[in-house]
Amino acid sequence: MLGVNQYGKAETHLVRVERDGEEHSLRDLLVSVALSGAFEDVHVRGDNSAVLATDTQKNTVYAFAREFGVGSCEEFALRLARHFVDAGGAVSQARVEVVEVAWSRLGPHAFAQTSREQRVACVIAAAGGEAWFVSGLSDLVVLKTTDSEFHGFPRDRYTTLAETSDRVLATAVSARWRHDGSASFSEARAALLDTFAAHHSLSLQQTLYAMGSAVLEACPAVFEIRLSLPNQHHFVVDLSPFGLTNDNEVFHADDRPYGLIEGAVVREGAPDPGPVWDPYPLVTNLHRHR
Amino acid sequence: MLGVNQYGKAETHLVRVERDGEEHSLRDLLVSVALSGAFEDVHVRGDNSAVLATDTQKNTVYAFAREFGVGSCEEFALRLARHFVDAGGAVSQARVEVVEVAWSRLGPHAFAQTSREQRVACVIAAAGGEAWFVSGLSDLVVLKTTDSEFHGFPRDRYTTLAETSDRVLATAVSARWRHDGSASFSEARAALLDTFAAHHSLSLQQTLYAMGSAVLEACPAVFEIRLSLPNQHHFVVDLSPFGLTNDNEVFHADDRPYGLIEGAVVREGAPDPGPVWDPYPLVTNLHRHR
Amino acid sequence: MLGVNQYGKAETHLVRVERDGEEHSLRDLLVSVALSGAFEDVHVRGDNSAVLATDTQKNTVYAFAREFGVGSCEEFALRLARHFVDAGGAVSQARVEVVEVAWSRLGPHAFAQTSREQRVACVIAAAGGEAWFVSGLSDLVVLKTTDSEFHGFPRDRYTTLAETSDRVLATAVSARWRHDGSASFSEARAALLDTFAAHHSLSLQQTLYAMGSAVLEACPAVFEIRLSLPNQHHFVVDLSPFGLTNDNEVFHADDRPYGLIEGAVVREGAPDPGPVWDPYPLVTNLHRHR
Amino acid sequence: MLGVNQYGKAETHLVRVERDGEEHSLRDLLVSVALSGAFEDVHVRGDNSAVLATDTQKNTVYAFAREFGVGSCEEFALRLARHFVDAGGAVSQARVEVVEVAWSRLGPHAFAQTSREQRVACVIAAAGGEAWFVSGLSDLVVLKTTDSEFHGFPRDRYTTLAETSDRVLATAVSARWRHDGSASFSEARAALLDTFAAHHSLSLQQTLYAMGSAVLEACPAVFEIRLSLPNQHHFVVDLSPFGLTNDNEVFHADDRPYGLIEGAVVREGAPDPGPVWDPYPLVTNLHRHR
């Protein structure tokens, strides 16, 4: 029997220039569409009569950027998602994800892509008219040089880690928050950064919970936030063989392995998440040999 | 409120050499652990008394490789997962994923890592003794030069794609199948490859369904298989400006965007999946700007 | 016969924290060492008596960061390079490359790695006391929405490209400039950015030459600059099938292939480059299948 | 003054299918072109009258694949390179690099890209008719579990590395050999692999020299070979805290830093290398923060 399924065009790389007046503006988006619905026929019999081609989806992304402009990432994703479910036909649900990188202005027509951070918006629209909103970010790399401890953990036969009351804490924040469509991205981002900077950490889990709680507090429109925080280990280098002390001044930043700390903070009374946490992709290849 | 959460050491890169006799053998594994359970205290209060350090998890991986050897990836993952839940304490569920790359023999002590394919085994163990098995593979890149059509799809205002009765079909297979612990990896892999090669494709969805069905047919121990198949577009280059024909002989292999076709095939009467499809990681960054 | 050769420890990832006072500071460096000299014996006979272990080189990087601090990347590289050649022994030349990413301050002890740009410093020291300086940057991604033309190029049998008097121009700047050790990085970088932004481009080659010339003009200490500029094509999407115009507003940003435009601008009367452009690595794998 | 410069289309991804008869065949190439010559006018004045567009170069790659087929990578590169210099005009030298990945056959029309190795051919043609040939490979990952020692190296203040008479040796071979155009790729590759497997190593430098010498011995047409061998460290995990021995059985495969051992072996009386080792790209970004 056919199980869960979805399909669409992924990573359409759209650059949209606004050329009104002397000063141009620039948006740089990666747009991915996934449709689901009554698609038994194409799977079982190869009947494509219900399959809106992924090439058409790509064309729609470009055409909508011209017809309607981009607006906020959430608006653009919503317009596209509604289009695919409102067309009638087999599609009962459309998921549109937009990933944006920011460009800073060098001049009226020139820009530099100085940031490595990636902003994410995802909208899921259902045939009945309902819609769900997820916003977030990836690759927000942060580090604190102190105010981080880790001790009191259990010691079994395989435990060698020393307790510490002062360590470097570094991570690359991946966050997604579901909301009613009105949540401010910049307020959520500021809450994450301010809390990371100000929090005295007894564990990365505690920092994660504090960061998530701060977003819920700052953004009433947010129902739930999920965070994935790799613990990017910074090891104090042993310089004693060279007659040198090292009081948390010289570190080796290691690549692998890394701790992976993940968790959600949910507002009490939050509505049902609907399909927002349904897996996309169905198969995740997070870990791979290089 | 704290929502779903998990933590562990990811991507411990273990190489295990067996040195019995003149001919050595070699295993090359990436091991990732994720534990979940009663971890409210560490999130809310920073109390680490229940938190088995991820460093300890890493040590355990190395120690078990020495004490017990590796065996099959599934055996190794199961032994580790059971260890973490059987220790008592807060852990109610342990997820261990092993990703292996194969090495081919050059001599009694020398090897070449000729393959780019990655083999995956994932075992989830619960405190009560239950265990779930998922096996799979990633980066299995396949292509067929004909026997692939795509036509009969609907045409709306944004459709420009021409119908075709002969195209190149290429994909990088990611597959995961849940089973009772006894499924043969090589039989599942052979079913995927044989079906891809032999199937006359009317759409990638149909090929996906045929590949998944073939695995269920070949492997009675498999309950369900999930496939994620990027449609790696090969475009026929228009050589007419140069006075040349191009009857599906010269292609431009494009990078982005790509179709992403995903689906599951489930055996009738399959048991409940339990936690095997629960999201890991919680936040997926599949699409990102480069 | 043994030909050109060099060896060393690559990509030692050093993070150096200054903890003087309430406000900490942070440096994040990737340090790579390459030594060359009289190393016939190790190659031909496996005699390691002249081979300073690459592990020792790594230790030296960490120890020097503690003993002397980092200072400018050029100072740090020079101190290390001199150390390796002054030790006597077989080393006649030491090359030390430092790649730095910047962190911006969130608080007295907290930082965000907001930039994707990579700053490079490379110092080569010879046994006789001479030293050469190269500075530069990678991954400086820039784009202009207009002020770029491309026409007047020859047309042969295989030419289909239309002439244009208005296109998007985008590139990721890689630059290296050799200098006397006193050149200001920020002035060189500003000259690159300002010229890119202000230049009316008739070809990327012309823009390259203007950018390089501007650095020579702004920085008297610079003898020569080499630039490698991938032409990251932004194609105007044909929206006419959908009844829409597209006057340079909606673009597809393509990944591959790309133009690769490279060139040097040299100050008249510049001294001999010495070893600064000698190949490192000896074998370059710029282009590879993904 | 304008210094060294070159330009061209990089990474044209060509897939060529031969459809003669029932059994198809498949070639998968990444083709990069770099032209140099009298290009002062475009750099200094933006005059494009000598600039064969990189788009035209791409078209030529596809058209030649149709008109002449691919043949050996060296033949294909030579035909293209000669075309660009024989056209007259400003081009005095053309460099064409072809990187191929192999596909293995699944059926008459189906293939799997099982190997991760990349085969390289580079031909440089000069306007006068001369041509130079370089062949090689990248990403050939090899490992030996014993027959590798490292001791007798000097110990200074910063040396902590223990001597060893038995270690794991692992590397990813990058090799380029210049030859007269008639060298057999498979014989060169076999000489590299056989020597790596059979050689008792006292240092990676010694292994490098032995591998290079073996290629010169096996292939009379080869003048010189350059090898770049990262020493991918495999560290013996200390299991003594767990009451376990570890006699080279359990290893941590580390990512960074790594040793980078590079060298050339040159045949006595080899002709002048001409332009074959000229830098491409002009700026190498080998090391970068991730």
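Letters A, B, C and D name the chains as they come in the text, with residue numbers starting at 1 for each one.
Everything that follows uses one rule, which is that a contact is a pair of C-beta atoms (placed from the backbone, for glycine too) under 8 Å apart; a residue touches a chain by one contact, two chains touch by 3 or more.
Just so it is clear, the model here is predicted, and its values are computed rather than measured.
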Counting only C-alpha atoms to place each centre, which chain is farthest from subunit D? A
Decide which interface, B-C or A-B, involves more C-beta pairs in contact, and give its chain pair. A-B
Averaged-CA centre spacing for the pair subunit C and subunit A, given as whole angstrom: 30
In whole angstrom, what separates the CA-based centres of subunit A and subunit B? 22
Calculate how many whole Å lie between the centre of subunit B and the centre of subunit C, each centre taken as the average of the chain's C-alpha atoms. 37
On subunit C, where are the residues touching two or more other chains? 12-13, 28, 59, 63, 158, 160, 241-242, 255-256
Contact residues on subunit D for subunit A in the complex? 157-158, 160, 241-242, 255-256, 290
Going by the contact rule at the top, pick out the subunit C residues touching subunit A in the complex. 12-19, 24, 26, 28, 59, 62-63, 65-67, 103, 106-107, 109-117, 140-147, 168, 193-194, 196-198, 234, 237, 239, 241-242, 244-255
Per the touch rule above, subunit A residues touching subunit B in the complex are 1-13, 28, 30, 32, 34, 39, 42-56, 58-60, 63, 87, 89, 97, 99, 101, 118, 136, 138-139, 150-154, 156, 158-161, 174-176, 201-203, 205-206, 208-209, 224, 226-228, 230-231, 256-268, 277, 279-289
